[in-house]
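I've put the structures underneath this note.
Two complexes are shown next, each including subunit A; its partner changes from subunit B in the first to subunit C in the second.
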Partner chain A sequence: MPDAQELESYIRRKFAENVGLTEAELFSEDLTLSTLITRSERMTNSVDLMEAFARTSNGLRKDFGLRVRLPALSLDTPVSKVLAVFMGEVTNPERKSA
Partner chain B sequence: MHFEESSLTLRVRPNDLDILGHVNNATTLEYLEAGRWAWLERQGLTRGGPVVAVVSRVEVDYRREIPPGDVVVHTELESPAADELEEDGLNYRARFRQRVFLSVDGPLAVEALVSVAFLDARARSLASLQQFLDAARAAPVAAVEEPRS
Partner chain C sequence: MSVLARSLEHEEPPVASPQIVPSEGRPAIMAELYDALTQKGLSLVDITWEQQRLHESRRWSVVEMLSTVDFTHVGEADRHLVWNAGRAELTTKPGADRLERLADVECRRWQEKNPTVAAIMQACGTWSRYWNEEEAHHETAFNRLSTVLRLERISDATFIEFRKVFPDDDMLRTLTLLSISEVVAAVDYGQCSQMVQDPGLRALFKQVAADEVQHMNYFVSFAKALVDSGAYHAKEAFAVAHLFLRDGGELHGSKRERVESRDTHVNWWDQLEHREGFYAPDALRKKEQLIFHALKRITGITVTSREGVEDTWMDLVGC
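Let's turn to the complex of A and B:
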């Protein structure tokens, strides 16, 4: 099982891939979700955003057997908060069975 | 998870026609919507559950004018593909490929890609395709839209 640092690295990389921005663009400015949608050429609305997060969640399940539930996220949520939600889910022992 | 393609035959109504005597372009969107309801029925899914599907994008190619008579609407789920859709996975978007033909063996008149998202009707927040399917399988059978004749 990967440690927390490896999981965070995986999640950051998958977020960036799925939204179509670099990790630096995504996390250095701690973009809000609304800004992220505006900046990404792949994103039109919050449906696209949730689909990108879902792909990350599906990847965690397939690659590591970890299940992540996605809460409703308002568009003023910073991406660091989303990362924290994912990390909270994957490091919670009760949530590890996929 | 596998879903069957559906086919729905509709009769063009006189009021569907515009001044040129063919089906108005916006009316075609109603045919496509009826086709998607038929697709749900084909899968044994019912409406009336707490999670609903909403259209988020429509791309339509009008290839041929639709005169009075019957049209046949074919609807298939294009995305997620069968290997991308799992009961315990997460998908927030589905895309249908729909085709409208002039009669059963007639030529293609309209081709469309329709994307839908899913909403928790009470919370007004986004829901997943899996939540929609769970709700549509559990929902009581509501009044079914009859094909027009």
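Let's turn to the complex of A and C:
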């Protein structure tokens, strides 16, 4: 089982890859999801965003055997909150294994 | 060369007399549009004729329908259903206008690369004129009733706000979203038809619900044709279904704890006003079942639960 720090850096890296922005762009300004959609050339709307979350979750499943399901998040949610939700899910002992 | 020989030389091929045109069956939506275009070799003229026949067979008059409503019979709760319906229907015109434009853009984008996909797009854009006309019936019927019943006036500002055009997206996502929107509308109007007291109003809700079912079937047919062509991936249909079915998803409309505030467009399901003590259509289970069925018809993939939709979508997305 990877430690929390390892998981956090994995989620940051994968999420940035999937939205098509750098980790620095994404997390240093703590972008909201709506700003993220505007800034990313890969994103048109919240369905693209949902897909970026899904790819990150699928990566966690494939590489660490962790199953993460994210709730619907409003577009004014900052990415730090998204990261916290991901971390809460992967460290939650009640979650289902992959 | 004799005059006779010359006239025979230039004789034109015989023209089919109207008597030998094969008899046409009952007009119907082409559920297998891709097959019709590729295997059966139907042209856009043929497909448009089928659309026209079906549209004509389903036409009805708003003026006549409203003349059957006994306004003294429409109670407070039923008035509220009428008012919500009229406001919601304002968003359908920009939906149809946008579909027509997007379908034509997509048609031209595909024309060189894949003429069949281009034809599917053009068939969809062509049909949007019937959709627009039929939705105009719904909008004007309910809003005229609201006016006659002296319900809360819809301001010009609201009218203009509700006419905002939804931003463009992938065509399969768009068609799936429209299919689901029609599912929700059809179930809601069906429920309204069972709740209202006045027989004329009941008939109106029933007619509109039947129209919405027909629209849903058209959207499913176009979406299925795109998937059948191999140019569009089932993932996009599942993504939109998940957007509606997930916890806190669009299916819950304005009953959600939090509705996204947008300045780009209006989703009618976010704008329904629920008043304390008044009936509001819901039937979530029925809507879910119809969405699963639509997904099966569009993609060929069977799902029977919300979790199944999410799992399938995540598998299709990959890493």
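In this text, the second predicted complex is superposed on the first by the 97 of 98 C-alpha atoms of A that agree within 3 Å, B and C clash if a C-alpha of one lies under 4 Å from a C-alpha of the other, contacts with A are read in each partner's own complex, and residues count from 1 in each chain.
Going forward, a residue touches a chain if its C-beta (ideal position, glycine included) is under 8 Å from a C-beta of that chain, and two chains touch if they have at least 3 such contacts.
Model, not experiment: these values are computed from the prediction.
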>> What does the overlay on subunit A give for subunit B and subunit C, a clash or a fit?
In response: clash
>> Between subunit B and subunit C, whom does A:G59 touch in the aligned arrangement: first, second, both, or neither?
In response: second
> If you stack the two complexes on chain A, which partner ends up touching A:T91: first (subunit B), second (subunit C), both, or neither?
Replying inline: neither
>> Looking at A:M50, would you say it contacts subunit B, subunit C, both, or neither? Reply first, second, both or neither.
In response: both
>> With both complexes overlaid on chain A, does A:T35 touch subunit B (first), subunit C (second), both or neither?
In response: neither
>> Just checking: does A:A72 make contact with subunit B only, subunit C only, both, or neither of them? Give me first, second, both or neither.
In response: both
> Where does subunit C run into subunit B after the fit on chain A, at 117-125, 135-143, 153-161 or 207-215?
Replying inline: 117-125
>> After overlaying the two complexes on chain A, where does the subunit B footprint on subunit A coincide with the subunit C footprint?
In response: 44-47, 50-51, 54, 57-58, 72
> Which of the residues in subunit A come into contact with subunit B in the complex?
Replying inline: 44-48, 50-51, 54, 57-58, 61, 67, 70, 72, 98
>> If we count contacts the way the header does, which residues on subunit A are in touch with subunit C in the complex?
In response: 44-47, 50-51, 54-55, 57-59, 62, 69, 71-72, 74-75
> Can you list the subunit C residues touching subunit A in their complex?
Replying inline: 167-170, 173, 236, 239-240, 242-243, 246-249, 258, 260, 310, 313-314, 317-319
> Inside the complex, what are the residues of subunit B that reach subunit A?
Replying inline: 56-57, 86, 88-93, 115, 117, 123, 125-126, 128
